[in-house]
Amino acid sequence: GSDDSGSSGGEGTSDVTIGIVELNLSNPFFGTLQKATEAAATAKGWKTMKAEAKVPGDSATQVTAIENMIANKVKAIVLDPANPTALNPVVKKARDQGILVITVNATLTPIEGADATFATDNTAAGKLIGQWAKASAPANPRIAMLDFDLSDGPAGGRHNGFLEGYGIKDGDPSIAGSALTKGTVETGQSAMENLLSAHPDINVVYTINEPVARGANTALKNKGLADKATVVSVDGACSGVQDVKDGIIGATAMQFPSKMGELAVDAIGKYLADGTKPQSGLNDSGTVLITDKPVDGLESQTSEWGLQNCWGEK
Amino acid sequence: MTDLILQARGLTKHYGHVVAMDNCDFDLRAGEILAVIGDNGAGKSTLIKALTGAVIPDSGEILVKGEPVHFRSPLDARRAGIETVYQELGVATALDITQNLYLGREQRRKGLLGTVFRKLDKPAMRQGSARQMADLGIRVQSIRQKVDTLSGGQRQAVAVARVAAWATSVVIMDEPTAALGVRETNQVLQLIERVRENGLPVVLISHNMPNVWQVADRIHIHRLGRRIAVVEPGSTTMEEAVAVMTGAKQPEALA
Amino acid sequence: MTDLILQARGLTKHYGHVVAMDNCDFDLRAGEILAVIGDNGAGKSTLIKALTGAVIPDSGEILVKGEPVHFRSPLDARRAGIETVYQELGVATALDITQNLYLGREQRRKGLLGTVFRKLDKPAMRQGSARQMADLGIRVQSIRQKVDTLSGGQRQAVAVARVAAWATSVVIMDEPTAALGVRETNQVLQLIERVRENGLPVVLISHNMPNVWQVADRIHIHRLGRRIAVVEPGSTTMEEAVAVMTGAKQPEALA
Amino acid sequence: MGSAELLGREVTKLDDAVLLDKEDRAGPLRAALSSQIAGPLAALVLAVVIFSATTDSFLNPGNLSLIAQQSVVVGTLALGQTLVILTAGIDLSNGAIMVLASVVIGNLATDGNVLGALLAGLAVCLVLGLLNGVLVAQFSLPPFIVTLGVLSVLTAAARLYTDSQSYPITSEFLTALNGGPAFGGVTITYGVMLWIGLTAILGYALTQTAWGVRVYAVGDNPRAAALTGIKVKRVLLSVYLTAAVVYAFAAWQALGRTPTADPSGYSTANLDSITAVVIGGTSLFGGRGGVVGTLIGALIVTVLANGLTQAGIDSLYQQVGTGILVVIAVAVDHFVRTRQTR
Amino acid sequence: MGSAELLGREVTKLDDAVLLDKEDRAGPLRAALSSQIAGPLAALVLAVVIFSATTDSFLNPGNLSLIAQQSVVVGTLALGQTLVILTAGIDLSNGAIMVLASVVIGNLATDGNVLGALLAGLAVCLVLGLLNGVLVAQFSLPPFIVTLGVLSVLTAAARLYTDSQSYPITSEFLTALNGGPAFGGVTITYGVMLWIGLTAILGYALTQTAWGVRVYAVGDNPRAAALTGIKVKRVLLSVYLTAAVVYAFAAWQALGRTPTADPSGYSTANLDSITAVVIGGTSLFGGRGGVVGTLIGALIVTVLANGLTQAGIDSLYQQVGTGILVVIAVAVDHFVRTRQTR
């Protein structure tokens, strides 16, 4: 809509700068989200200021980054909050100065703290793979939970969602054991190895994300148990979908980081052009179950479809 | 027996298979200057450390004025009135001369500043330490020099000055003049005599025989981890004592 | 002039506002034992450090056999054949006696083990160091003791033994006998004379005047950061020299 | 030969300085400047000059006051860290102690008794400081491992305590440190004042009291300190406890900065505080340094982050830039310091 | 008084030990055992005994071989870390160096030239080791800050290089270290053998060569070492370069363990490796310790994680347990060591 600012050199929005505040970029998910946002903004001829939390939960760095962006007079901020409440005051400060703040991926509490939110429902994602696992699990399930720091919002959501979808609670006897990973291949592998040493009968593995799933698979393979256990995960990165295709992962819940960023930038564009604020509250960017072994009553897509719609490097 | 201020009986200290003290005895009388002489590695410093709580002996007992004591740290000995210059000096090289001299006994300002705010009286301490260093005949270019910038002799003087400044009951000095010049050494010997005149006994470890014969009342000869003889400078010559100390002569030969 | 092995002209060193060397000269002749005497803090050690690359002087020049040199580190001096015992000893206390004695000059095994695998010849080095310590008359209970468990004298002996073992051109010793006993001190003095007999000049810093007069050929008197006189023990008495050294007498008075 | 002769007659060219040396004449401020903090200060000034020259937005009062505000939490932690490092220790648990204290405060404050909550937070810090102190002082265990172990325990404990939830802080009292007098767009927050005040108090304690001298002595050479009769263990314990009190203030600061008590926040604050201390010129080997340098060090770290953001550098390149600039900062410090002692 | 008299006649009760002291008689193995590594070994044995008693699955050959496999990456890093710490340094960048090397290898190996890729990884490590070494040795900057800066730069660099993606490793050669002879369910991987081999080589270099003596001398007291004519800077540089070579082996180990080159992996490997070194009895102040202790230290760290999982402890409580047990491990080490020197 606001294309008068393009190459035609109109002064209107050619020197627009927006801020992009992400979570720690060591996770490719957030990297993808940041890049999609930036690409969309650049396409509109805007400049960007970018910052990231150093580690999960690092809201202090985000607060500092937003303060710096306010000082630098950005027009809007796309924020992936590390904590639902810690950023409220600084976001308010930004909005008071007329800066449009849109949260992506996660939400503030209350959600009205931001002008709009484009996010993924991680609980729903967990629930999908929980239901799928329940439906395709063997008779006497032995579950391993490979978690990530549960104080992290998405991690907690996925964990709880999985249990809900599976129809059990924390402490259920069918859970053989749980271990904390750092969301990486290597920590996933070590955690799985240790659990397998104690419980060689594990046959369902919940993983916080696809790198952990890959590590878990290596551990299973090393023990010759890869065929006996079903691994489920969340993310929908291309490498993860490929793993679904290769049978390493049974099912994964795909999310759409690029979409969130693009939607956010569109909303900013509209606001800058004519002052229309986006619809406040949660705009779900969607979750899709990817599996090549669909189960009844659960909508899913194949890995073929997944490979066409996935994010990250193919 | 009350004239024995500091005694030790049967002190033993092993480090692994190294024997540093081997059933060692020690006696210090009131008001005397007792010299301790012995070969390098004979165990003199270990004895001093054991007497002052810096080393815990494996066995044996230590008595102060006839009462058994169990020093667990140098502070315990200091509380019993024993002041010591250790051979390794025990100075904090990152601190300056004044801070070292007053370490553990800092002076505070008069009045509120001192009692409530616990502010140090730096000018007074600086004056005091300049005076103490001067009393030892030691020239330093700034009383604020950190000890690790001092010359060997200046550094030793800091350790000696500290003890001189705080002595109350027994003074022990482990080779206090090793790094000192001629004049400064005489100054320290005079200091030792002054301390005795004030009624405090002094233990002086030294390898400098003329110095020892100059000031000592009695001489404790140490060899292979134990006391093998006690002699008096008046009745024994330096040569005889050195012969015993180095093992060239048996202690019995001394009469 | 080739008979001057080591010379310095106009050396100066300031530390902030502390003057450690003040336009200082120095001359060492071939085959002589040169003693350097001076008050504590006079700047003797600083001079030695400047001569051996351990301190970089602010100005002035150093000549070895008439050639100007610029030592940037002790290693440079060592390469020029100058071996030094520093007053602060320069021993690595976490290493044992043998490791210290051979530090920087380790012996390797014969054959493949030594050339390819670069394996140290520990037994040989251990024997060598036991012999060197013994030559100095120093008794240690185990040649494997770490230096920080040694007595003060033993530690000093390690530093002296090292130099004795490796001397090739000039030997410099900064108070090598300060912590040593009577017998051990004599042993070191004999060592110094042996070195001279082998044709190497020796610089000896000492506060022990009898020792100095016993072995020195010439005596460099240091005061307030500079050389104020050079005397010979034959023609000057200890008392005169000490008077000049402490400032009680003007150097001109010496004739 | 009495003192008169020494200080008078004998004292010629070389010695005009025993009592009234140059430092005295130049005044204590100048002395301090010239010695300890000149290095960090030079690095800070350099960083400010560079960012002022390369960006439009860096050098304005609002941004500068912002930098001070952004420094307070890690800056306050770094003050406690300085004490520990001066004793040749290291505290990897300080961030975790602060976080646990802040979630305890956040939890208890939900009942409305904010003062009680704040005191409970202080108690948490003291207990944990005592734990660190006893393990380090009494059992002579290496501080690195002790505090690493405590860090691990506390990180989990904070999550267990909060069930991994964070508490929004609504109490005005608890977030009071974020307020303060404003002049135009510039707010000097009470938190910044508190930080400077703590620096002054600790600086005073370290340089003007006997306790401070002992802290330096213990850090420099614990064996020598023990020989002079200093109670090394007690000094160590006092340091860990004092640091704990400072961490309690840091927890309060944190609640002001981000009005949320979050069990997963500030997980890199320990390393950040150590960085501030080291850039501030305090030696990790103990016995050398001070809190004023640390204050400057913390500002340097914030200036780098702020300046790189103002310059519009990409976040990954920011990380590259921070790494390089931190090394340059200590290099400047080192250069200035060795020039002085030459 | 010649040596004969000293070693012979004079040498009575106290001196029967100058050359043939007890250590000699007991043999070098026993000597080593009794001195350096007794502490860590006691802690390891204690941990193994406890977990064997409290869980069914811990003490079986398969699990024990697993523990060895799980230790190799951090264990290999810790060997390099030991060298650095022996010189009173610290290397916070070792994990990042390894990660960058492994992603470079992973990227280049996609072309199929695995040997070339491996050599490129080695080159990466050497360049970075050189960088650390020059900054520490030549510019005398504090290793903590230097390696923290390098860590920051490399973490970002690895992500920029890979675009935050990880590379699956398919080359059999690159993952070869994960293979090895199997006996029943027990595999002794080549990686474990390499780890032990590296420990042996470095142990030899540290204790049997002149270089090793100099490393200890420099770490103990660089000033004294310089006075004895040791080229302190060159020794430091050689240590950082040797460590870099070891990190390259760690990168290869990592590719074998998890056949994926992941730019965001191993982010705590630096602290883990330091923990292993310190638990292994090496002093952070330099000059004391050795690589055999480090090997045991790395095993202890793995045993704790493995055993706590076997015991079915909840993940957060595992973190609590690890913290406590790590402190207990150094306490045991400390206790055993002080008993010896008493």
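Per-chain residue numbering starts at 1, and chain names A, B, C, D and E are given in the order in which the chains are listed.
Criterion: a contact is a pair of C-beta atoms (placed from the backbone, for glycine too) under 8 Å apart; a residue touches a chain by one contact, two chains touch by 3 or more.
Since we're looking at a predicted model, the values are computed, not measured.
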Chain-contact steps, minimal, separating chain D from chain B: 1
Interchain contact steps from chain A to chain B (minimum; 1 if touching): 2
Chain of greatest Cα-centre distance to chain E: B
Chain centre separation (chain C, chain E; CA means) in Å: 41
Distance from the mean Cα position of chain D to that of chain A, given in whole angstrom: 36
Length of the line joining the C-alpha centres of chain A and chain C, rounded to whole Å: 71
Chain D and chain E, separation of their C-alpha mean positions in angstrom: 31
Two or more partner chains touched - positions in chain D: 10, 14, 17, 21, 159, 316, 318
Residues of chain C touching at least two other chains: 15, 17-19, 88, 139-142, 183
Chain A residues counted as touching two or more neighbouring chains: 25, 150
Chain E-touching residues of chain A, taken from the complex the two chains share: 25-28, 31, 147, 150, 177-180, 182-187, 189-191, 193-195, 197-199, 211, 214-215, 218, 222, 239, 312-313
Of all residues in chain D, those that touch chain B in their complex: 1-3, 6-7, 10-11, 14-15, 17-19, 21, 23, 204, 208-211, 213-214, 216-217, 219-221, 223-231, 287-288
Partner chain A, residues of chain D touching it in the complex: 57, 60, 62-63, 66, 69-70, 73, 159, 162, 164-168, 178, 254, 257-260, 262-269, 302, 305-306, 309-310, 312, 314-316, 318
In the complex, chain C residues that touch chain B: 15, 17-19, 38-41, 45, 87-88, 138-142, 145, 149-154, 157, 175, 178-185, 207-209, 242, 245-246
For the chain D and chain E complex, residues of the former touching the latter: 88, 135, 139-142, 144-146, 148-157, 159-160, 271, 274-275, 278-279, 283-285, 316-320, 322-324, 326-327, 330-331, 334, 338
